[in-house]
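Single-structure report; data block below.
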Amino acid sequence: MSYPSRIEKLIDLFSKFPGVGPKTASRFVFYLLRKQDSQIDEFLEAVVDLKKSVSLCKFCRNPFEPNTNQLLCSICSNPLRDKTLLCLVEKETDLMLLEKTNKYPGLYFILGSLLTPLKKKETEKIVISNLLKRLKEPLNFGIKADFKEVIIAISDTTEGQATALYLERELAPLKLKISRLGRGLPLGAEIEYADEETLSSALEGRK
Amino acid sequence: MSYPSRIEKLIDLFSKFPGVGPKTASRFVFYLLRKQDSQIDEFLEAVVDLKKSVSLCKFCRNPFEPNTNQLLCSICSNPLRDKTLLCLVEKETDLMLLEKTNKYPGLYFILGSLLTPLKKKETEKIVISNLLKRLKEPLNFGIKADFKEVIIAISDTTEGQATALYLERELAPLKLKISRLGRGLPLGAEIEYADEETLSSALEGRK
Amino acid sequence: MSYPSRIEKLIDLFSKFPGVGPKTASRFVFYLLRKQDSQIDEFLEAVVDLKKSVSLCKFCRNPFEPNTNQLLCSICSNPLRDKTLLCLVEKETDLMLLEKTNKYPGLYFILGSLLTPLKKKETEKIVISNLLKRLKEPLNFGIKADFKEVIIAISDTTEGQATALYLERELAPLKLKISRLGRGLPLGAEIEYADEETLSSALEGRK
Amino acid sequence: MSYPSRIEKLIDLFSKFPGVGPKTASRFVFYLLRKQDSQIDEFLEAVVDLKKSVSLCKFCRNPFEPNTNQLLCSICSNPLRDKTLLCLVEKETDLMLLEKTNKYPGLYFILGSLLTPLKKKETEKIVISNLLKRLKEPLNFGIKADFKEVIIAISDTTEGQATALYLERELAPLKLKISRLGRGLPLGAEIEYADEETLSSALEGRK
C-alpha cells in the first residue's frame, strides 16, 4: 500500500528540501491536507511573493527586497562598510550569523555551496569565475572597492577545508591577503574533548 | 539585522510545519530562493493539485484520490475488510504503518490528534462525537458495519495514555470490546534498559 | 609521552571493566591517586570482602551472602517460589530487574552471557550442560522442583535472538513448554518510531 | 529486594568514581564477582602498587614514578623546558592532552579541580596559596624559574570561566602576563552551529 499519487508527488518534492527525508515530507503533506483553503492560499501567495519581491544582490548574492532599480543589498550599498575586506561564506544563514556578531565591517560573497574541486564540476568553475570577477572588477557590479583581504569564513569540516585550499590556490595569483577563521576552543568547550589540532591552535592563539 | 519581510513571512509559515523551527524554516526559504521559476511553479502546482484532487474519506478521514462521486477510501470500500473491527489512530502515517504490517483486517478512524481531555477543548468533543456517530450509525457514512471491538492504537506516551483513558470512558456506554496495543519489549530492546511496567507486561505476555 | 607504567597498568585493568574505555579508565586511576590512603584501604577491603563473603548460588548462580553451609540463595531456597517455572536471564542485573516487577513467582538461572553458537565455543557447551543438569536433576543442586516451563528472558537483539533459537533447539528434547518475553510497544513508545514486527506483535497481543 | 550488603557496599564505592552511576557500579561489581581469584589479586596489587610507587611531583602535582629521592617529574626536572611559562590545568589528563600537542615548552601546575569562588571554600584558598607559592618562590620547590606568563588552560564552560576570572584577580598583584586559550572554531566545526561569541573570536583571530 502506498499513498495516492498527488500525495506521493508532493512528498517527493518536500523530500528535496534541505534536511528533509520521506517521513518528514509526508508529515508536511498531511499538515497541508488538514489546513483550510484560506491557509493554503496564504502559503501559496507567500511563495509567489517571495520569488516576485525578493532579488539576489548583484554583488554578494544575498537575497533582499529591492526598491525600483536597486541592484545592491543594504550591506553592499552601505558607504560605511569597509571596501577592502571580502568575506566568503557558504550560504545566506552564515552571512547572517557573521552580521549578528557586529564585528565584521567589510563585504561578503555567498559561494552558494562548498566546492568539491575533485569532481571538477562546471559549478565550481562558475563560482570561482564569479568570485574573480568581483575581486578584479568590482565596479562592474556597482561597487567601488579595493580589496586587500579575502576572509574564507567557511566550516572547518573536511569538505570545508578542501574548499578553502581550492579557493586559496585559485586566488593566489591576485596577491591578496587570504585569511581563515581562527581555530580554537569554542565557547563552552571542555579541554577533555578537544582534539590536538584545536588545542594547539588555542595555545598559539592565547591572549 | 533581520531578513527582508517576504522572507520573514515565509520563514514564519514554514515554522508552523510539524517539527520545523525558525532555523530549518529559513533554510527552506533560501532553498526556494535558489530554485528556478519552473521548479517553483512545479512545487506550487503540486500543492494546488493536492488540495484539488485529494479528499478525506467520509468514514475514516484518510486522504485518497476519489473517482467521480467516490466518498470512501480503498480500505473503507473494500468488501473483504472485517467490518467488526475499528482501529483508532492518531494520524495518517500511523494508519499507514499498521497497514504495512498486513496483520490488521478491519477499518480505521483517524482521530487527527491526541486528545487532551483536561483542557475540555471543543475539538475533543467534536472528535468524540464524530467517532460515536461512526460507531452507532456507520450506514450514514456509507458503510455496512457491525462493530464489536474498538482497538485504541495510539502511542503509549503520557498524552497517549490520557487519550486512551478518555476514549475508554466515552466509549464505555456502547458496550463494545475495547482493546489497546499490547505492551512488551520492542524488537531490538535490551532487558537492561526496560522499565518495570514493560518488563511486567512482557512477562505476562510471554509465548 | 605516556603515563608512568603503574598508572598504565591500572588503566589497562580498568579498561577491561564493562563499558570502560582508556579515557574513563585513566580518570578512575587519577581519582584513586587523589584519594587518601584510608580511602584506598576501604576500597581494597571492600573488594577483598566481596570475594570472601559473597558466593554464587549453587543452583541459579546469583551472588548472595551465605550463612554457614548455605548453598542456595534466598530465591532458590524460598519454599513459596513456583518450582515449575525456570526463567533464563543473561546476567545478575536482569534477574534483579525481573524480581523488581513482583510478577514472577518462579526460579531463575543466570546464563552469564549471551550465547554465540556459531563460534561453537567451549563456553556455550558448558552453559547448556549446566542448564540441562539443573532442568533434569534439580535435586542434585538441592532443589525439589518439577519444571514445566522455561522462560527465555533475554534481550531481543540480534545476538539475543540467536541465543534464544539456540536454547530452544537444545532444550527441545526435554519436551518442556518454552516461552519468550512478549513483544510489544514499550511504555512511552510512539507508534511513529515502531518497527513493523513490533507493531504486528502489539496488534496481535492487544488487550 | 536489594543486593547483599557487601555487593551494595562496593556498588556504593564504585558509584563515587567519576562518571559512574549505580547501574554502572553494579555492573563493575558483578564483573569482579565473575573474575577468578588470581585476576582479583592482580587488580588489588595494581591498586596497592599505584599508591606505593607513584608520587605526585612536588612542583606541578603530576603523578610520576620517582627514582630514589626524586621529587620532580620529568617535565619539571627537564632543563630544556621554558621556565618563564606556567600553564594552569584542571587535571592530569588535560596536562597530558596539552603535552601531546608538542606545542607547549613551559611548566604546568595542576589545580586539581575548577574553583568555585562563590562558595569561598577552604579548598579554593589552599589551591590559590599553593599556586602563589610556586610562582613567587619556585626555588622552594626545587625549580629555578622566572615566570613571566601564566596561561590559564581550562575549559571554557561557565564554571571554567568563573575559575579563570577568579585566578586572574588573585594573580593580578604579581604583575605577570596572564593569558587564556584562544577561542575560535574547533576542528570540524560548522559555522551554522557556532555561537556569536565564538564566531566573533574566530573572525578577530583569523590568519
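Going in written order, the chains are labelled A, B, C and D, and every chain counts its residues from 1.
Methods note: a residue touches a chain if its C-beta (ideal position, glycine included) is under 8 Å from a C-beta of that chain, and two chains touch if they have at least 3 such contacts.
Small disclaimer: the values here were computed from a predicted structure and weren't measured.
S.K.: Give me the set of chains touching subunit A intersected with the set touching subunit B.
M.R.: Intersection of subunit A and subunit B contact lists gives nothing.
S.K.: Counting only C-alpha atoms to place each centre, which chain is farthest from subunit B?
M.R.: D
S.K.: Can you work out the whole-Å distance between the CA centroids of subunit A and subunit D?
M.R.: 40
S.K.: Taking the mean of the C-alpha atoms as each chain's centre, how many Å separate subunit A from subunit C?
M.R.: About 54 Å, centre to centre.
S.K.: Find the geometric centre of each of subunit C and subunit D from their Cα atoms only, then give the gap between the two centres in Å, rounded to an integer.
M.R.: Roughly 38 Å separates the two chain centres.
S.K.: Which residues belonging to subunit C are in contact with no fewer than two other chains?
M.R.: Answer for subunit C, listing residues that touch two or more other chains: 93, 100, 192.
S.K.: Could you run through all the chain pairs that touch each other?
M.R.: The complete list of chain pairs in contact reads A-B, A-D, B-C, C-D.
S.K.: What does subunit D use to touch subunit A in their complex?
M.R.: 89-90, 93-94, 97-98, 100-101, 103-104, 151, 153-158, 160, 179-192, 194-207
S.K.: Quick one: which bits of subunit B touch subunit A in the complex? Just the residue numbers, please.
M.R.: Those residues of subunit B that touch subunit A are 1, 3-7, 9-10, 13, 17-19, 23-24, 26-34, 37, 40, 42-44, 46-51, 53-54, 56, 63-65, 91-93, 96, 99-100, 112.
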